[in-house]
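Just below sit the structures, each encoded as C-alpha cells.
Two complexes, one shared chain (subunit A), two partners (subunit B, subunit C).
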Partner chain A sequence: MRQHLALQTAYAIETDGLTKHYGSFEAVCDLTMRVAKGSITGFLGQNGAGKSTTIKMLLGMIRPTRGQARVLDFNAINEKESIEMRKRVAYVAEDKRLYDYMTVRQIIGFTKSFYPNWRTDIEKRLLDDFRLPLDRATKKLSKGMRTQTALLLALARGAEFLILDEPTEGLDPVVTEKVLQLVVGAAADGATVFFSSHQIAEVEQVADRVLLIDKGQLVLDSPIEAISQDYRRIRCVYDEPPPLSALKLDGVKRVAVEGRVVSVLASHNAHEIAGQMGKFAYGHRVETFPMTLKEVVLESLKRD
Partner chain B sequence: MLVYQTTSTVTLFLKPNPALGVPIYLQLKEQIRHACETGALRQGDSLPGIRNLAELLVINPNTVARVYRELEQEGVLDLRHGVGAFVASSGTVTRWTAAKAGQMKAAQKTVSDLVAQLQERGFDADEIRRLVEAELASDTSRKSRRSSA
Partner chain C sequence: MLYYKCWLESKSRFVTGLLATTGVCAFWTLGHTWINDQWRKDLIEHPDWNNPDWFLRAMNDYPFYLHHFVYAEMFQKLWVVFAVLLGIGGLMREASHGTAGFTLSLPVGRLDLIGVRATVAAVQLFTMNVLALALIVCLSNVMGLTYPLAHGIAHSALLFFGGIVFLAASLCVSEFVEGEHTPALIGLGGVGLLYFVMQPYVDGLPVSGFAIPFSVPKLMAGSPDFSIAEIDWLGMTASLTAASIFMLLAIRRTRRHDY
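Showing the complex of A and B:
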C-alpha cells in the first residue's frame, strides 16, 4: 500500500469555515470543528440542520462553496486525496442504499472482494447477531435489516474511520443496543466513529463529544462529561430583579427572566455565578440544578 | 424463578444512567469502589477487559480506560500490561469493617429522619429530591472550582 506522507495530526476531521450554499439557501455556514482520532463523536441537529450536507462534504460527495476540510489528514476537497481517504473510511448513508438486485449473501461476497482487510470474524458475528436472511434480495429487506446489512458491510471492512448517518434510525430498541455495542467495539479496536443521530440518550451513552448543528451553524461543541459536570441551571426569585449587566460573567450562556424568576444557563463557573446572583436576592435562596444533555440541547436550539 | 450462577465478575456491573446528572465515568468508578468495599470484588480478582466492559455496558471504551487508569493511580486496581486489570493486593480500598457498616446504617437513619421531617412540613418526594440534588449540584461545582483553582 502506498505510504501516506502528509503530516499526521491528532484529528480525524478538521474543518475551517466550511460552507455550502444552494442558491440563496445556506445549508452549512462557516463550520469549524475538530474531531479527535480514536473518539466517538455524536452529531446532533434537527432535520434540515445541515448534518447530511456536512457529512457529504467531508466525504467529497458535495463540493463546498468555501472553506477547508481534512479527513484523516487528507484534503477532502481535493479529488485525488479524497479517493485515498475514502479507502480508509466506511460510510453508512442515511438511506442505507444497497445494490437492490443482489441477495444479502451476494452483496457481502461482492463487497468483501474490494477489501484486503476484510474482518471475517466480524462478518460472522454480525450475521449471527442480526440473523439476516442470506438469500433474500436486499430490496425485499425490512428497514431494520437494510440498516443492519449496511452496517455489517461497513464494520467488516476494518476501516479506521466510521461515518454513520443516523445508524439507529427506525430500529427497535434491541437492535439499536446491538448497533451501539458495535460502535463501542469498533472504537475499542482503535477506530474513530462519527455518527449523526436524533437520539440524544444514545449520544450521551456512547460518545466522548457532542456536536450540535442548527441552521448550518455549530451551536454546541462539548465533551459529554462536561455536560453533567459543569453545565448548570441556576435559578433565583427576586423582589427586584438585578441589573442584567451584573450577570455578564464567564460561563453564562443564556439568561431568562420570567416575572420574578431569573434563570441562568451556565456552561461552567456555576459556583461563582450563583454567588453573584445571591448578592441581589434578599431572603431568597439561589438554586442550582444539574442538567442532562437533552436539556442543554433544547436550550441551545431555543430561538431568541 | 430463574437463577443464574456465574464466576465471572462481569455481572456485577450495572449500566450507568446518563440522565442522573453524574458523569458516566464517575458512576462506573463508584460501582467498582463499592464492589471492593462490600467485598464483592476482593484482592487479586480480575476485572473485565476494557473492550468487554465497554460492550457489556454499551459505553465508550475511552471511559472504561480512564476509570481503570484513575483507579490504578488511586491504588484500587493493578493494571498488568497485556493481561488486564486486577483488584490491587495492597489495596487502598478497605473493605467495610463492622464500624463502617455501622456508620452507613447511622447515616441512613439520619437521611430517613430528615426525609420524614420534611414530609411532615408538607414537602413531597419530588421537592425533597430536588432539594437534595440542588445541594449536591452546588456542592460539586464548589468542588470542581476548588480543584481547578
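Showing the complex of A and C:
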C-alpha cells in the first residue's frame, strides 16, 4: 500500500497498448488512453466498437491479450490489486441485471456489506427519489427501476470512481435526465466518472472530456470545450486540387476530396491550415466552419 | 455475505432436496411393518417365486433393510441428484443471466466466489445426510424398531465422502458450460448414465482398475454390515482425488475465464 501511495498519479485510468483478441477478431487494439481524476469522461463508440470490452478489462473481468491498465493507480490486471481497486470503484453494467432471487432490500444489504464507506444518506435519498419498492423482487422491477436500483447500489458505495456502461440505454427521457443529473452530482461530490454511451447529446451535456473508440482503436480524445473552440471544417473549391502532401500539417485529422472540393477536418491550428489551403486557391475563397461534437464524431468514424 | 447470496441462490433446490430425501427415509422407515407383512404374505402365497438374495435378510434384519433401500438405493440416488443440482451455478450461469458484471465488480476474489459456493453446497448436502439420519432414528423409535446410530453415522459418512465427487463434478461442469439448464442436463445425464447404464454392467465385475470410476455407488453404499476394515480405501482415495481434480479444474477455469 505504501508503494501504491508513492506511485499515485493524476489519472484515474491509464492504459498502454491495451489489446484484446478473440481468435482473429480484435475487440480492442493497442488502446492507450488517460482519464484524469476528478473528470467526467464520456466514452463514445458505436455498438461493438469495444467500449464494454475495455471497461471489463479495466475491472479485471476480461484478461487483456497484451498491454497494461491501471485504475486509480492499481494494476487492473493483477487480481490482488484489482480487488483493492474495486473497493474504491463503483460499476454499473450495460444490462443492469440484478440477482433475480433477491428483493431490493436484500440486494442493498448484500452490496452494503462489502463497502465500509457505504453512504446511508445517499441510499435513503435515492430510495425516496426513485420510490423503489424495497420488498419487491428485482426480477419484477421495470427496466427503469432496475437501472435506478443499480445506480443506487453504485452511488451509495462512496466510491472515488464511477464506471458506468451505457447507464441510460433503453430509458425514457425523464429517467435519462435523472440519471445524468446523478452523474453530475457524483462528480460535484468529488468522484471521477467514466461513462460509455452512444448518445452524443448525453456526453455533450455532462462530460468534460470525450474519448471515441472505433473498431477497438481510440480515434478521438479531446476536452468537450476544445471541440467548439478548436475543431473546424475548412473547405475550398479548387480549379486544380492541391497535392495531399501539401496538407500534411499539424492539426489535420482528415482530408476529403470530392471532385474539385477539398474538405479538411482540423482538430486545432485551423488558421495555419486555412492559410496553406489558400495558397492553392487562386482566387477561390477558403471557408472555415465551427463544428459540433456530433459532426466531429461522425467525421472521425468515417471510413477512408 | 457471499454465503448469504449462495444460500438465497440455492435455497429452493436445497429445500426440495431436503423434502425429497427425508420423504424417502420416512417412507421406508414408517412403511417397514406394512412392507414386511406384504413380503411374508407373498412368501406364503407364492412359495415358487424366485426371490433375490437380499429378500430374506431384509425381512428379518432391519438395519440391512434400511441399508438396502435407503443408503444403497433411493436416498443415495436422490442425494446424488441434489449434489449435481446444488453444484449448478457460478459465474458462467451469472454471465448468461447478465449478473456476472455486478458480482465481479464487488471487491472479492474469484477464488472466494467458487470457494463459498462449494462450501455452501457441501454444507447443504451434509445437512441432508444429518437430517435423514435423525429422521430414520426417530421414526424407527416411533415404530418400535431399533436402528443403531453408529451404523447410520458410518453410512452417512461413506455416502458423503464417497459422493462428494458428484458435487465437485457439477461445480466443474458449471464453470465450463454456458446456459441456464445445460450444465444441469449434462450433470444429470452423467448420473443417469452411471446408475442405469454403467452400474448394472459394473456390478458383475470386481471393483478394481478401470471399474473404479463406475463403482462410486457401491463405494457410497459400503457393506451392509459396516466395519472399518471393509471400507474400500482405494475407491475412497480415487473418489476424493477425482473430486479434488474437478475442483482444481473449476478453480483454474474461474480464475482465467473472461466474463
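Simple rule for what comes next: the second predicted complex is superposed on the first by the 298 of 304 C-alpha atoms of A that agree within 3 Å, B and C clash if a C-alpha of one lies under 4 Å from a C-alpha of the other, contacts with A are read in each partner's own complex, and residues count from 1 in each chain.
One rule holds in what follows: contacts are C-beta pairs under 8 Å (C-beta built on N, C-alpha and C of every residue); 3 or more make two chains touch, one makes a residue touch a chain.
What you are looking at is a predicted structure, and each value in this text was computed from that prediction instead of being measured.
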Task: Judging by the criteria at the top, classify the pair subunit B and subunit C on subunit A as clash or fit.
output: fit
- request: Could you look at A:58 and tell me whether it touches subunit B, subunit C, both or neither (first, second, both, neither)?
  value: neither
Task: Scan A:270 for contacts with subunit B and subunit C and give back first, second, both or neither.
output: first
Query: In the superposed arrangement, which partner chain does A:228 touch: subunit B (first), subunit C (second), both, or neither?
result: first
- request: Go through the superposed model and pick first if A:31 touches only subunit B, second if only subunit C, both, or neither.
  value: neither
Message: A:72 in the overlay: touching subunit B, subunit C, both, or neither? Say first, second, both or neither.
response: neither
Message: By the touch definition at the top of the document, which applies to A:110: first (subunit B), second (subunit C), both, or neither?
response: second
Task: May I ask you to decide whether A:87 touches subunit B, subunit C, both, or neither, giving the answer as first, second, both or neither?
output: second
Task: For A:218, decide between first (touching subunit B), second (touching subunit C), both and neither.
output: neither
Message: For A:236, using the defined touch cut-off, is the partner it touches subunit B, subunit C, both, or neither? Pick first, second, both or neither.
response: neither
Task: Using only C-alpha atoms, work out how near subunit B sits to subunit C after the chain A superposition, in angstrom.
output: 25
Query: Of all residues in subunit A, which touch subunit B in the complex?
result: 38-40, 177, 180-181, 184-185, 187-189, 201, 204-208, 224-225, 228-230, 232, 269-272, 274, 287-294
In the complex with subunit A, residue positions of subunit C that touch it: 1, 4-5, 8-9, 97-102, 104-110, 255-256, 258-259
- prompt: In their shared complex, at which residues does subunit B touch subunit A?
  reply: 18-25, 50-51, 54-55, 58-63, 130, 133-134, 136-138, 140-142, 144-145
Query: Which bits of subunit A are touching subunit C when the two form their complex?
result: 56, 59-63, 79-80, 83-84, 86-87, 89-91, 93-95, 97-102, 106, 109-111, 113-115, 150, 153, 165
